[in-house]
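Chain naming follows the written order as A, B, C and D, and within any one chain the residues start at number 1.
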Amino acid sequence: MYANLSLGALGLSADFPTAVELAARHGFAGVDPDVGYLAGLGDRAAIAEAAAAVAERGLRLGVAGLPVDLTAPAGEFTAQLAGLPDTLAVLSAAGVTSVGTWVRPMHDDLTYRRNWVLHVSRISLVAGVLADAGVRLGLEYVGPKTFWSTERFPFVHSLAEVRELIADTGAGNVGVILDSFHWFTAAETTADVAALADADIVSVDLNDAPEDRALDQQLDLDRRLPGTTGVIDLAGFVAGVRAAGYTGPVKVEPFMASLAEQPVDDVLADVSRRLHAAID
Amino acid sequence: MYANLSLGALGLSADFPTAVELAARHGFAGVDPDVGYLAGLGDRAAIAEAAAAVAERGLRLGVAGLPVDLTAPAGEFTAQLAGLPDTLAVLSAAGVTSVGTWVRPMHDDLTYRRNWVLHVSRISLVAGVLADAGVRLGLEYVGPKTFWSTERFPFVHSLAEVRELIADTGAGNVGVILDSFHWFTAAETTADVAALADADIVSVDLNDAPEDRALDQQLDLDRRLPGTTGVIDLAGFVAGVRAAGYTGPVKVEPFMASLAEQPVDDVLADVSRRLHAAID
Amino acid sequence: MYANLSLGALGLSADFPTAVELAARHGFAGVDPDVGYLAGLGDRAAIAEAAAAVAERGLRLGVAGLPVDLTAPAGEFTAQLAGLPDTLAVLSAAGVTSVGTWVRPMHDDLTYRRNWVLHVSRISLVAGVLADAGVRLGLEYVGPKTFWSTERFPFVHSLAEVRELIADTGAGNVGVILDSFHWFTAAETTADVAALADADIVSVDLNDAPEDRALDQQLDLDRRLPGTTGVIDLAGFVAGVRAAGYTGPVKVEPFMASLAEQPVDDVLADVSRRLHAAID
Amino acid sequence: MYANLSLGALGLSADFPTAVELAARHGFAGVDPDVGYLAGLGDRAAIAEAAAAVAERGLRLGVAGLPVDLTAPAGEFTAQLAGLPDTLAVLSAAGVTSVGTWVRPMHDDLTYRRNWVLHVSRISLVAGVLADAGVRLGLEYVGPKTFWSTERFPFVHSLAEVRELIADTGAGNVGVILDSFHWFTAAETTADVAALADADIVSVDLNDAPEDRALDQQLDLDRRLPGTTGVIDLAGFVAGVRAAGYTGPVKVEPFMASLAEQPVDDVLADVSRRLHAAID
């Protein structure tokens, strides 16, 4: 696994060349691609050149966002799906081989099984289109009870369930996005993660949790930088990821608005140090 | 539908002949069978005679409890299943044609889908044995969020889900046990109930809820006698049951320990009056 | 139900105005829409005008073909799906409210369950797009054993299975296309059809079968005009359709190349007479 | 893997001590247990003693038959299930750790999905009872089209399907019984078998097929001794089994009535030689 810089996941923003510069300066080994920027370069050759420049800085390109909303109304989903090949052409030109999205862990109208059919339907179709472009799809489950228990029908909110969901799609190019915060709130273990193979994992997020809340009270959008509080057993989580043989990107996504108020180099130096401390 | 007396559901107890006497005295049209008492009568003829005596008092026999724990370990479940024909022989002799149980709405180890396989497996087998004896199975779903959200994997906790579960068993002799308390806590409507047919409903419970709790804070074991607080729209619930063409027993199950401390005739007079007010 | 003219299903062809003229001349009560012709009229008003002209002849518009291949590779399917709204705009302008396709009853690579996921995925998505346009989808199952047994994994080839498939999509706008030939080769009964409701049936085909083949030897593409051989119990089939309360189009689809070699008016007079004899 | 003697699978019979003697004489490394014989020994100590005598002859005990009919009517199945612990006590005393049965590959009334629910229900329950006794269950799929195509609804008849079935039960103690004859008739490959692990396979059968029938015409009950005709690529099959790391018993089950008419020592010498030629 390697430390990856995702400015967006830190609540920061910069143009892509700046992001690359920052990633290199602070010792990250990868940076998330900026599809809008790459697409704006115009043609395939220009995109490939930009990607080559990233590689020359010693950086890999991480995971792009899936530009499709899995639970959108059918017409909207169909329109987004129809636009997917254009995005894939950009990703392909840049050599990006994975995209990710998350699974909404509840629904007010669809029972678990109806929602399952919706997700299997949508994911298998998206995965089919991605497979034609040689791209993998990562699915992130969302663990906090304060989230999955807020509508009438809870849905996938654990590693076990997202694995069942992926298996039921029958797709060979879909894997999990792990996040220590969801792993913690879902009450999962090192062994749960160690049971995965590298091919089962598309991306990994490392986060800690605030100390002043019980596990069932943790909020999805209020986390901490890894190693800050020690509430989450990051060593146990990373041990599982390591046992799985994971070789992909690891990033931080703390949902801390305060980061945007600090000097960006201070933030990235701290994040990089914490990431390397956790995974090296 | 008709008013049915279930002493157990009121937290009261009496031997079966007394229960029959109380039901008749207080204007109920049915009484729950007491399988232990009936079995103790010895032979089929004695049981049939006892049942005939109930009928002579103008009373029907309601629903017996299913003597099988659907989520017991395999060995235990198998043993209980093996004993089921003996119970069915008693029910058959007494002319009882339905039994009921409830669905535990969460599990700490089994995901929704694994738990679904467990329930479909167990229910379809039980239903097969019951069908041989001409007996229907009623399944009660349990609605309060304070219950289904307490373990890692929520399970069936709504009318829509229990209908899906019954359909997936493929059994023709399984229906729903409705309870206004679960209907209320599951945020269901008159139309949800009206969409059922008489054959889909095995039994109905009428309860009200305490006034000092928000819907999501209601507790499964703290309810009120029908019409006491008006928190639950019993008229809307009964309208749905009536629209479904329901012809079976209706009882009260308030989980109020205080009832056992009052004179039984006072309690039953009040319960009977409230039941008749709601369904007549 | 009403007699509907589908020239294509008879192996005949004519431009749409001629088809309308033929349908009126020979006593049909409906005619299949010609989407290509209608689309070629240019704008919504012109299409509506053409449809009004059909109505003025006393004819209804039947069922259009679904312009999406349910089992196409993901990229192809996605592209077809993206084009669906354009076709729906034409259908909507013409007042056509149903489209149909068939279910391929076997696969060489996908097991029954993998193929099920594929079909549920694709059908639920197509149905969602159709629902936005107020259009229903009819699915025809294909019964002959000489067809479903020819690849490694048989798939849906009976009314019971196509009903399960429709139910699993959860879509409210998908129904069955019945064909007496499939009903016969699937060894189904009047009661099987009578158990349907009008809303479950999108279209009905009436065909007979050759006399010189055993049931298991019947070939999907070699049928007979209704009432020719009496091999198929058309009275029993139609009795089921009538008991279901079916109100939609009934057509003939015999796959007899010889029809194209006869004078079209002779063919249509015969077909119309046979259809009316069967359903009036 | 090791050569195992199953007299029953050869259409022969002898009392258990004779079977043990024959197995040892002809160079087999294992022999199928005779549950009736063992049960007749009376108590646990006597059974253990008999098993020890087998071990002293250098022989392992193979796979016992599952004394439960997975597709029996519910009442019958329940009764058989209730008797299973008694059989398991005998197997446990003898140190036998696996039982096997087969999956009927078609049904005249149950669709694939209804039959799937039946099988998952029954298998998961049986597996639960077996697990309590530390016993594994092997499921044999049956490949010939002349079998699975003979009723209205084909069912599991391939390795891929039986693996899906096992996965859906969620049981950790259920595996496959492979038979080269079914592998051949299901048109499977070395890679299909090689994808298994030792823990996925409970038993292996080696058979050849007659030369005078096309693949789709092969009959389940007319096979040949391994290596007789060369119709089946036994080397390819065994290569897959070896790649899977299989460590269990391998037997022959040719359904050739002629074997019972030959001297038993001649038959067993030939079978042993063929088995060793194939797997050593």
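Methods note: a residue touches a chain if its C-beta (ideal position, glycine included) is under 8 Å from a C-beta of that chain, and two chains touch if they have at least 3 such contacts.
Just so you know, these numbers come straight off a predicted model, no measurement behind them.
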Any chain that touches chain D and chain A: B, C
Fewest hops from chain B to chain C - one hop per pair of touching chains: 2
Chain C on chain D, rotation in degrees - Cα superposition, rounded to nearest 5: 180
Between the pairs B-D and A-B, the one where more C-beta pairs touch: B-D
Geometric centre distance via CA averages, chain B-chain A, whole Å: 46
Centroid distance [mean C-alpha coordinates] between chain D and chain B, Å: 45
Residues within chain C bordering two or more other chains: none
Chains that touch, pairwise: A-B, A-C, B-D, C-D
Contact set on chain D toward chain C in their complex: 111-113, 116, 145, 148-149, 152-154, 158, 160-161, 164, 186-187
Parts of chain A lying in touch with chain C, wherever the complex brings them together: 73-75, 77-79, 81-82, 84-85, 114, 117-118, 120-122, 124-125, 127-129, 131-132, 168-170
